[in-house]
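Paired with chain B in one complex and with chain C in the other, chain A is shared by the two complexes that follow.
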Partner chain A sequence: MKYVFDFAWLGQYWPVLLKGIGITIELIAVGAVLGVALGIFCAWARALGPGWLRPAITAYVELIRNTPFLIQLFFIFFGLPSLGLQMSELQAANLAMIVNLGAYSCEIIRAGIQATPRGQFEAGASLAMSPIQTFRYVILVPSLQRIWPALSSQIVIVMLGSAVVSQIAAEDLTFAANFIQSRTFRAFEAYFVSTAIYLLLAIALRQVLAAAGLLIFPRRMRR
Partner chain B sequence: MSLIEITEVRKSFGANEVLKGINLDVEPGEVIAIIGKSGSGKSTLLRCINGLENIDSGSISVAGAQLQPDEIHLKALRLKVGMIFQQFNLFPHLTAGGNVMLSQMVVKKTAKPEAEAMAHKMLERVGLAHKFDAYPDELSGGQQQRVAIARALAMQPIALLCDEITSALDPELVSEVLAVVRELAAEGMTLLMVTHEMKFARDVCSRVVFMHQGRAHEIGPPDAVFSNPKTPELKQFLGML
Partner chain C sequence: MKRRQLLAIFGAATLAISPLLTASAALADALTDITTRGVLRVAVPQDFPPFGSVGTDMAPMGYDIDMANLIGEKLGVKTELVPVTSANRIPYLQTNKVDLVISSLGKNAEREAVIDFSAAYAPFFNGIFAPDAVSVSKAEDLADKTIGVTRGAVEDLELTKIAPKNAVIKRYEDNNGTISAFLSGQVDVVATGNVVAAAILAKNPPKRPELKFLIKNSPCYIGLNKAEPALREKVNAIIAEARVDGSLNAISQKWLGADLPADL
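Right, the complex of A and B next:
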């Protein structure tokens, strides 16, 4: 068996690839920022929030963590329009990633909050801070620092999982690879190139997250 | 009217009644030592005064601020009475200066330059002006506790609650913290401190409260309490030391 590699199509199709990379990066940037923000809110609500809010958050988290991402995506893109919520492919993909990461990061961040020594809450309270102020200024940053490696891994997992959005024709990197493959019939090369790009993106993302960690958390904590 | 008025305070954890009707009035500038066996309710009493624990009955007020379980009343109360803990409880992600500045900015909405100036002043007062930019894990236990004192002072409380603030320290670090407390007492700060430092209590305090099984079993000036205990429980407690 002899296979002749042919990457000549790159000359013609690199703009398609580039656009796919751009969209994948956009998806992960928006998904990570808003997903983690949602996760912080849900973690607060589940660990410290008012009693009436907790069951709703728990239901959301369990629903997302126990169903496939692809189905969540289909539900948002094909299901929600019947409720009158029309979205573009890209909007649906963004929303699905935010909702998905929100649920997973909620549980990770909650673990960080729950590992906080009780004295931190009491110190905040005794300085006349409200529970919300104590959470925002005292509890949150060290909690995120505790779980930052786990959270970073989850963000990378979601980034890699984003390949699935090509299924609703959101034009991400996987969509681009599929498109090139269907035009050139160079399946091996098309997926080889896209695999390599995902790998590089994942490595770059980890670097960015590590750098963000150094920025947000100015110090290593001993405790 | 006394500065701190504690009247018939009762507190239970489940079936365990920890405070069985405490009465104590503290005048401005008084320094009160609370002594007693482990489990006698000393910490619980202090924690009730600034609302870290809810009381079941009775009343507590500090400079007119009544203890009520809602957020507004708690804030008013806690602005009048600061607390210092055995375990320091500094915020690990903030420098010493940041620790002292935070609540001024968040609670009192003090502008950053003023909060910073106040932090410098308070750290100076506890002899740590040069550690403004150090993080808690770069400080010794004694230094951390002094930062915690500066942090409480920066809110300009009328009274301070100190719960065994030297118990977590190595023996050689105890004196630097006690020196700060002694100075505060001399400046007229009202202090309620749970302590095992009997010599310090004797030297500095105006009154000593001996807690026993959830009651203020014996109260009096240090000379009377230490040299002339009236109840057998206090005699036994002092003999145990």
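Right, the complex of A and C next:
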């Protein structure tokens, strides 16, 4: 077993890698913010929303959680144009990630909401808060606080899962690695470098999410 | 230890005899061999549609199979199809298991060193394909166009060289991705092989990929053993005749959905 590593291609291909990192970060930034927003809405609808909305949300959540992400991506990118809905590969990738994270985070957040003691709803009502205010201040924030580690993990999973968007020619970090591999035939090195970058990105993302947790839930962290 | 020695002796003996065996087989002229035997043995692909594949009735079919049958017919002998893979098709010929290789074989210097080639019998090229409405006739016309291509394929490397700076190249994982992107309108133009374009055309899609210009041409030749001038001349004559009387063009229409290019 003797393998001579050759990283000489880095000199020529680092702009490709850099662009790939940029796209991956953009994808997860948009995907995480809008995906969690969608998840909060769905969690509210599924746990406390009007009766007519619940079956629709349940259907959406079950559909997304029980089908592969890659197929959802192909459906959006290759399938929807047949219905006249054309979008670029980046828009398709963003949409797929939002829809995917929306469904998973819905279930995580719903768990947090349903773990809230019944008395808290009544406490909010007794303070003359409207149902919306009760949800916003009394239910949602403590719920999110409870499930924040699980939600952070899910966001990291979605970022790592975003590697498959290279299949629709979105030029993310995996695309960059595949591209370099197909030009230099240095597969080991190309995936070695991209793996290291994904690892660093995932660690950085966890740090960012932990910091965001500190900002959103100051009391919990001080305790 | 003893067994190993024995094996070595056997090996050496086989090696010493084998040139004699092949020499004796090659002593007679291959064309005479075929006519006296009454059977033409042809190596054909089984895993490479539309050149050669197995139909639903388990019978081999394709461009190469039709070509093999055509040559057998013109020689007035029965055609025996021998399925081969792209890796073993030349060894089959060299070891005299077949008389001809009709297996979408391209010509290159390495192969020319070991076998002979007939005239070209089938078009095989990479090109730029787009529907009629898209006007592209040379590399410069690709400016501002979105072109789909399969990443790492020959056409990707060639396209990257010739495409103007402001052409947008979308690289897909495999041919199916490229085809889907074209059919779903994600790209207007694709760079791919004529075989892939034929596979799309065979499905009669609303968007038809028409050839705009060639990127790289590497037509298919019939492979035959070296030092068989009589057989080679005969095969070349059959190809030339088939081109004139239109039977070759009919095969091209049937399997590739396009006329033979004039410069084949």
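Assume the second predicted complex is superposed on the first by the 219 of 223 C-alpha atoms of A that agree within 3 Å, B and C clash if a C-alpha of one lies under 4 Å from a C-alpha of the other, contacts with A are read in each partner's own complex, and residues count from 1 in each chain.
Rule of thumb we're sticking to: a residue touches a chain if its C-beta (ideal position, glycine included) is under 8 Å from a C-beta of that chain, and two chains touch if they have at least 3 such contacts.
Keep in mind it's a predicted model, so treat the numbers as computed, not measured.
Superposition of the two complexes onto chain A shows chain B and chain C fitting side by side, with no clash.
Annotation: apex chain A, arms to chain B and chain C, angle 160° (C-alpha centres, rounded to a multiple of 10).
By the touch criterion stated above, A:130 is placed in contact with chain B alone, chain C being left untouched. Looking at the superposed arrangement, the partner reaching more residues of chain A, out of chain B and chain C, is B. Using the contact criterion defined above for the overlaid structures, shared-chain residue A:122 touches chain B, although it does not reach chain C. Of the two partner chains placed by superposition, only chain B is touched by A:145; chain C is not.
In the superposed pair of complexes, A:6 makes contact with neither chain B nor chain C. Once the two complexes are overlaid on the shared chain, A:179 sits against chain C while remaining clear of chain B. With both structures placed on the common chain, the touch criterion links A:166 to chain C but leaves chain B unconnected. Look at A:62: by the touch rule set out above, it reaches neither chain B nor chain C. Taking the two complexes aligned on chain A, the least Cα distance separating chain B from chain C is 48 Å. On chain A, the patch touched by chain B and the patch touched by chain C do not overlap at any residue.
On the side of chain B, the complex with chain A involves touching residues 50-52, 71, 74-75, 78-79, 82-83, 85, 87, 89-93, 102-103, 106-107, 135, 137, 148, 151-152, 155. By the touch criterion given at the top, residues 148, 151-152, 156-157, 170-173, 177, 180-181, 184-186 of chain C touch chain A in their complex. The touching residues of chain A, when paired with chain B in their complex, are 117, 119-120, 122-131, 133, 137-138, 141-142, 145, 217-219, 221-223. Interface residues of chain A facing chain C in the complex, by the touch rule stated above, are 74, 77-79, 81-82, 86, 89, 166-169, 175, 178-179, 181-183.
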